[in-house]
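One chain, chain A, appears in both complexes that follow, with chain B as partner in the first and chain C in the second.
Let's turn to the complex of A and B:
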């Protein structure tokens, strides 16, 4: 009967230390980030440049802030076993709603932000309901909603519209503490809030359970549908927030900023590089933050080296594939234990 | 405990259930006292699983009454049964491998403090629960995926107890356990019993039933045969009550001695993760039946011979020459065909046409120069020979009945003129009429010189079809029986009784 397979490990077959070590305190992505920065710094220096001067650091953190806000939201839906391909359009929509409502005046700042977030949340609600109630595959449902938004944007706008309130531009757009932009601090705060929600609230526990095994979650009394809808709303809210940030950088609403920035696919890439399983149930927002910083660092290094844009894309693609391959190998080894 | 001094914790009266007009349970009575271990035994298909699902809220009974703790209850779903205090531990665990023990135990009802999950209390309550069942060695913050199967079972039990289960159903709890782990489960069952928890213990393995239970209920064909105190039961009685029915259908004639030809396939010392010490000879013209319980290695044997999970040790020869069956492709080329047990999952491509399904193996293996048109003509002929009834060759196969689907699968393999045919539960989910058509086909193939190995968990079918039988247990061949054997002989070898009679 002992021939029944390698899984039959008796008591005491494993030390308690190895039982607990499955979730490393520091995801591997931060190691990769450190190595990337060290190597990048060295190469840029040999090239005669300076990677960590004020200007590059600030621009790196700005890039990270925009992508990070989207990616953290994306992490939530992916953890729950879903996906959101509509984020790029939500970002564009949010820049327009915010900038047009503000129309260059500070007085409408708060209502504009509120409206932009409300519209984003509504899109998230729609995504969530399509995925849970109509049981449409998340890929298709959110792609469809994204295309709906695209239709609206393409039809109504040829170029930038509206004007962001000067206060917002001065604060969220350009203000910084030392080399750290306010927007990056916003990202850190949002990441912290999501981390807290995932580890310390029932919602977080249930979300990870739904992503891990919907049937187990359901039989344990989790209301799967509600949990997923909330995750979609939060994801779209994050995208909306990213839109408000981009409006503050650009000074106006931009109907194609989300798609041109490839925020949909890049956010998913950052989540996966950060160690969250694409199928859900494993991972977290801290890793995503690492993934975002890694992608932003590679951008910064290549900008410093003035690398050809196409070559840059090739390298980014290779890194994403390598990251996923490393995780796949690691989980294979885990399964073999 | 055997004369039921207390009011029963659970009382079933006249529970009946039919699926698609087939009666699965027929007026079953059963009761469980607090602190009692009540074993339920029966063959595959006797209705044990359905009965357990009804008790735990997974199915609604068509007739009869469930009384729990003295009150008649109707459970709308597993959740309601759980809340009432009925926990079920399935063969397949319902755990999240990426989460910790505590997170799994309290999933869905995490303790909270000021609106937030109180992790400290979750851990300490998990430790308490584990301590009540004597499992202090298991850390509450261990990740479940890293635990052994026995420990995962402990987590399942703790999860049930966290919901204050008063009745615990264990469905084949030892199916996944190694020998020394079974001992641990015994201890656990005893401790649960001492706490006054009633246990329904479903198992094929008579040794365990005798070791653990206070009373035994035998189910056969959806009816309760008998409930008796374990002390008064013997293994021979149980086996006789579990089987013992008259042969209900007719089978084609067996192979005459002159029909059986040379040895076509041999295995010597075959083994892999699921199998050990497999020695067998399969002759041209014979049907070799393979019996045994679920998980005994029957399917693993067929899968090893077809290269799905190949043998890692031992030697296989086909027609006297060593054969390397490393993959299904290699096996197919060596002349082996495999009709899988999981027709829907592995046998057919539901959305493709009858013709495409029948051509699948030819297209994969035969060289293109053998002629596309000729190949199609051949398969069409075969579909006609096996008498597939479909609206046309281009109908999607998923719309066919199970029997007709199986005939298409058969035609697929016949197109390759296989020397050796492996059938795994060839008539599962097939109605009675089509069953005998499949039986006839199997026999015709043998008569035309193929060597046939046929797995079946239906004893009448196994006995009716086989020229010889192997019975498997725990990944080994437990014994060989000749055509005249009885159901009792097969079951005795399969459950590995008769040693258990001493208990």
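Let's turn to the complex of A and C:
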């Protein structure tokens, strides 16, 4: 198996083979998404409900917007052979910074958004520097930074704090065009920008090269460290943006919203379901968008069926494993041909 | 970062044996001194014995995690497995002493089974272990809540709890020796012997370079699956000790997977496999427990604890990484 291209050994993968398959992936996740939606629609209908009514669609897209913003950023670092376990805390921090700076007034809207994003970017910079300069394994580095933030949040906040500006709540939080929330359009825009950056810019090619084989990339003149730091900053920025969005939904800053939503692990799951290799060097943000929509659809279907929340989690875990197993089989078969 | 240097195996094995643990032992010593300055009684045999007994679960989990990590994989499911085991034990025993031993066997078998499933999914279905065990984590947490309708039921018998909370009293010279410490010493010795056996060498070789190991006749899949089963077994023993010491709750194992992985990395074991010793991993866990104790003695508020912990982990790992790259 090891030589055939489809595997990820933790984060220390081998890579000559993964370069070969660096073609733009055809995200099979969209097939899975279509099947899931069709089957879900049928089951919900038999159950006497309606999957595609306005309310369900809107809430599905809202769920997708929050997770999607995080997962798109996560895609960038994973593509580069790194990963970010601190995103959940960055999200919580960002909701608090935004909501407390706004303090319920519209006047402070732009400075608050700017500040929240700056703080997030600073965390990303720290992550990036720890991973590249101090050569700490990304898993441990971002886990450690996450713990730093967790201590700050636990120590400073017992519950919701601050208040989001009404304008932001009305626009990003609740405004929509037809059934499509503004926040989902934001996700589409961010995904588009990342897609462009990955496929059409030098940064994107360098990032994929670093993720594919850091040594080869370095010998080819790529500045590995700089590329990875930028990826980490972008990832944290995306998490910060997700935090601002959540603040606009909740109306205040929430110190545990990131961890309770399991955004760290779910974003990684969405990335991998979307066909990006956990070892880096292969994949893309379009697939991730599909992975996010798949997870959000499953959520919506279960909500419609009023499935027990705990049972939902069991099924979710099984689906994540199954989805990735199907991927592994596909890439194995392709490699065999 | 994936800058693993490929060196011939013999020299690397030699390096692991030699000074690899020095930075960690230095950190351990510093922590011990800091604790003794604040709380001279800590070094007295009785409190030291109790401390070691309390640390046993994390040390065992670190050893279990070590087997998986050195073979090139991850096990994120151990924390949820501990929680599940404690809750299941309480419900099955239901305060009936006569059910203690059968339930202990059920737990050990359950740990092996979860490890087997993790291992088979990872090796046969080729799902990255990060995802396999993450999925297992979600499944176990969901299942245990579902099974108990959101609140733990039943209770542990005193016979079950004694493993985690009782001790051999009045031992000359040492005062008391917790059962947990005895269990730890026996299992730690077995772990060290296992790593010195043929299996241990194959395990490291598989993590170092699975392709080479396979071509040299190692059964990569089977070896890794056994590593997962050992991790599950360690989680089962840890669950028995934790259930005895702290009782039944849904938080029993929360965060232990990250604690164990952190301990293993502190112990100088490379994520990605092939490097590091099981003794290092267990000493890493001991360091982490000493760190928690230190924060207790210095009155670091509970809420700030993660920050201090995070900072020290980053520092310690950065120091040990710098040393190994400069060498």
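Throughout what follows, the second predicted complex is superposed on the first by the 308 of 337 C-alpha atoms of A that agree within 3 Å, B and C clash if a C-alpha of one lies under 4 Å from a C-alpha of the other, contacts with A are read in each partner's own complex, and residues count from 1 in each chain.
Definition applied: a residue touches a chain if its C-beta (ideal position, glycine included) is under 8 Å from a C-beta of that chain, and two chains touch if they have at least 3 such contacts.
For clarity, every value in this text was computed on a predicted model and none was experimentally measured.
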{"item": "Partner chain(s) touched by A:282 [first = chain B, second = chain C, both, neither]", "value": "first"}
{"item": "Contacts of A:79 with chain B and chain C, given as first, second, both or neither", "value": "neither"}
{"item": "Chain A residues touched by each partner, larger count belonging to chain B or chain C", "value": "C"}
{"item": "Touching partner for A:97 - first (chain B), second (chain C), both, neither", "value": "neither"}
{"item": "First, second, both or neither for A:268, with chain B first and chain C second", "value": "second"}
{"item": "Touching partner for A:202 - first (chain B), second (chain C), both, neither", "value": "first"}
{"item": "Touched partner set for A:215, first chain B, second chain C, both or neither", "value": "both"}
{"item": "Chain B/chain C common contact set on chain A", "value": "1-3, 6-14, 215"}
{"item": "Touching residues on chain B, where the partner in the complex is chain A", "value": "78-79, 82, 94-99, 103, 107-110, 112, 115-117, 119, 137-139, 141-143, 145-151, 159, 176-181, 184, 271, 273-276, 474-475"}
{"item": "Residue numbers on chain A that touch chain C, as the complex places them", "value": "1-3, 6-15, 81-82, 130-132, 134-141, 143-148, 150-152, 154-155, 214-215, 265, 268-269, 272, 278-280, 308, 310-318, 320-321, 324-325, 328-329, 332"}
{"item": "Chain A residues touching chain B - in the complex, by the definition given at the top", "value": "1-14, 16, 18-20, 22-23, 199-202, 204-206, 208-209, 212-213, 215-217, 219-222, 281-282, 334, 337"}
{"item": "Residue ranges of chain C touching chain A (in the complex, touch as defined)", "value": "1-4, 69, 72-74, 121, 125-132, 134-139, 141-143, 145-146, 150, 210-211, 214, 258, 261-262, 265, 270-273, 301-311, 313-314, 317-318, 321-322, 325"}
